[in-house]
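Chains here go by letter, A, B and C, matching the order in which they are written, and residues are numbered from 1 within each.
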Amino acid sequence: MPQYVQDRLNIYDAVLFLQGLGNTIQLCLGGLGLGLVIALLVGLARASRFRWLSWPAATYIEIIRDSPLLMQLYLVFFALPLLGLNVPIFVAGVAALMLNSSAFMAEIVRAGIQAVAKDQWDAARGLGMGYIQTMRHVVMPQAFRVMIPPGVGLLIGLIKDSSVVSVISYLELTRVGQILTEKTFLSFQVFGIVAALYFIMCYPLSRLALYAERRLKVGG
Amino acid sequence: MHGYVFQFGEIFRELPMLLDGALTTLHISILTLLISLVVGTLGALCRMSRQSWIRVPATWYVEVIRNTPLLVQLFFIYFGLSQIDIDVSSYTAGLIGLTVNNGAYLTEIVRAGIQAIHRGQFEAGYSLGLSFPQLMRYVVFPQAFRVIYPPLCNQLIGIILWSSLVSTISVQDLALRGKELASTTFRSFEVYIVLTLIYVVMTLIVSGLLKLIGRQLFQRPA
Amino acid sequence: MVKVKNIHKYFGHLHVLKDLSLDIAKGEVVVVIGPSGSGKSTLLRCLNYLEPVQSGEIWIDGIRLDHHRTNIRAVRAEVGIVFQSFNLFPHLTAIRNVMLAPVVVRRRPDAEVRKEALAMLAKVGLQDKVDAYPSQLSGGQQQRVAIARALAMQPKLMLFDEVTSALDPELVREVLDVMKQLARDGMTMIVVTHEMGFAREVADRVIFMDEGRIVEEGTAEALFERPQNQRTKEFLGKIL
């Protein structure tokens, strides 16, 4: 079969880039949204006084932090059918990103909670507030401020990590790059554009993280 | 999961092959770290230069690398080199990609280490008549190294984990060996469980060793 | 030995040294006093070119400091400075701190320098602390190592920038004793300090600085007992 090799990029390719970009954003939103929920629970558990909560949480976090995202992705990808779930690869991608980011987010949550001075707890308890009330009205609002700079950093990491989902052939931005490179052999141009698109997504976020960190220091 | 029987036997038989891949992962990671350290030190000095024609490109290098995915950088280098007809092995391309990537992160780590040093140290050194290279060698770097050692260790762990991506450009590391095993045995799930375990064990051993080394190196009272 | 001619120094828009001139002869011990912000530390730091001056001339032993052909490192090797915050190298033992510059800058052999360093440390009374790290030494001991380190380069001029200000009171004496001995041995010294007793004992001249200018100077006795200028009187009134 004659192989059609395109010698330059055209408008249809631009559409493909946008599609990839859109899919990348969807992956990240999915991973972030669900990941946040898990992260909050695991983070709270990790910061808890009870060993039966903090220990499993710590183990979960440690295993995820000590293994490559690529492995986690493949595990989720091959585990899902075994559990009887024949889901689209998008779901596998989101699940893997969600698991991975939740571990790092949990550490950020833990650090945020522990950054709030113990006196705050004493004051709240002294006023008669229970655990949940203290968390909700006193601790979390303060912890939240501390969590923003590393949280934004995590988001940047998530956007970059989503590129790994290309290995299970999901049509996100990096996969688009691979496909177009195969088609046109213009790898510098194609991956140059791919890199530029990731940069446009991530760089403003890094400036934001810097800004947030500076404001945090000033606010005290 | 009805009807699925876990079969680890086939995988354990191929353990030597997998461990050989693990060795490749380890040595590409260590090489990357060492070369990135050199790149990072140069980068840090450039970033702190007063000449903007040196400082600005160095800053751009760091920002571009830190805001784009490693996988894209690897593809850019691997496919890019073949586009301009430069013939390198996958291993070399992977090494270059990993080094360029980590060089940027190390630039920031080394820079933080140097900036952590009290200004008075520089003044004392210059006042004694030391030149810039002498100051760096005898006063700054020995102190900076102590500061950068923990983040450096973290970086090595990161390199070991993220080096798994070089499997996508055909480097025979642990990840690729695993992938090949999965395709021959059709036991993908078991294979990846074992692979993950090997990575975790590698990581724990390396970080344990690094902690021991750190304790030995930094014996003097702080 | 030291000739300062009409120097002006700015930090940004802040005019720190205003048309300052000063001459110091070899072997002279000059003490500089004044309120904080008067520019006395800045003056000192200009003398070994840690800070450049915007206009005027500084000559050290016949060499002009800001001339483009001047080898500033060579000049710095001849001018020793001791800082308020000691600035010892924490990763080196006391003796290695003292040995570093002669070995690396003057390229002298290790064994020779070591002998001299031991003698230097003995001179400041620290022969027992030769292999101690700075973190194991008290403030007074650290400062004495700093003096030994500066002396190891056999400088022609020694600058002391409020070297006892950061020390606990009971540690001040040991450092001053070392400095007094140095003065008696004939070293040319410029000392910025608040220690008036020291000034009275060893200073050949005391200079009072305020707002970047030399307001008054004279022998210790003359300045402290019979200050002429109003500002001098006010300052002395506050501290004596």
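One rule holds in what follows: a residue touches a chain if its C-beta (ideal position, glycine included) is under 8 Å from a C-beta of that chain, and two chains touch if they have at least 3 such contacts.
All values reported here derive from a predicted model rather than from experimental measurement.
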**Message:** Using the definition of touching given at the top, classify the network of chains in this structure as line, ring, star, complete or other.
**Reply:** line
**Request:** State the chain with the largest centre-to-centre distance from chain C, centres being mean CA positions.
**Result:** A
**Asked** Quick one: most central chain, C-alpha centroids?
**Response** B
**Message:** From the mean C-alpha coordinate of chain A to that of chain B, what's the distance rounded to whole Å?
**Reply:** 21
**Complete:** Expressed in whole Å, how far the mean CA point of chain A lies from that of chain C is 56
**Message:** Taking the mean of the C-alpha atoms as each chain's centre, how many Å separate chain B from chain C?
**Reply:** 47
**Request:** Over in the complex, which chain A residues touch chain B? Could you list them?
**Result:** 63, 66-72, 74-75, 78-79, 82-84, 156, 159-164, 166-167, 174, 177-178, 181, 185-188, 191-192, 194-195, 198-199, 202-203, 206
**Complete:** Seen from chain B, its contact residues with chain A in the complex are 1, 4, 63-64, 66-73, 75-76, 79-80, 82-84, 157, 161-162, 164-165, 167-168, 175, 188-189, 192-193, 195-196, 199-200, 203-204
**Complete:** Counting only contacts in the complex, chain B reaches chain C at residues 118, 120-121, 123-124, 126-131, 134, 138-139, 142-143, 146, 220-222
**Item:** Interface residues, chain C side, partner chain B - complex
**Value:** 48, 50, 73-74, 76-77, 79-81, 83, 85-91, 100-101, 104-105, 133, 135-136, 146, 149-150, 153
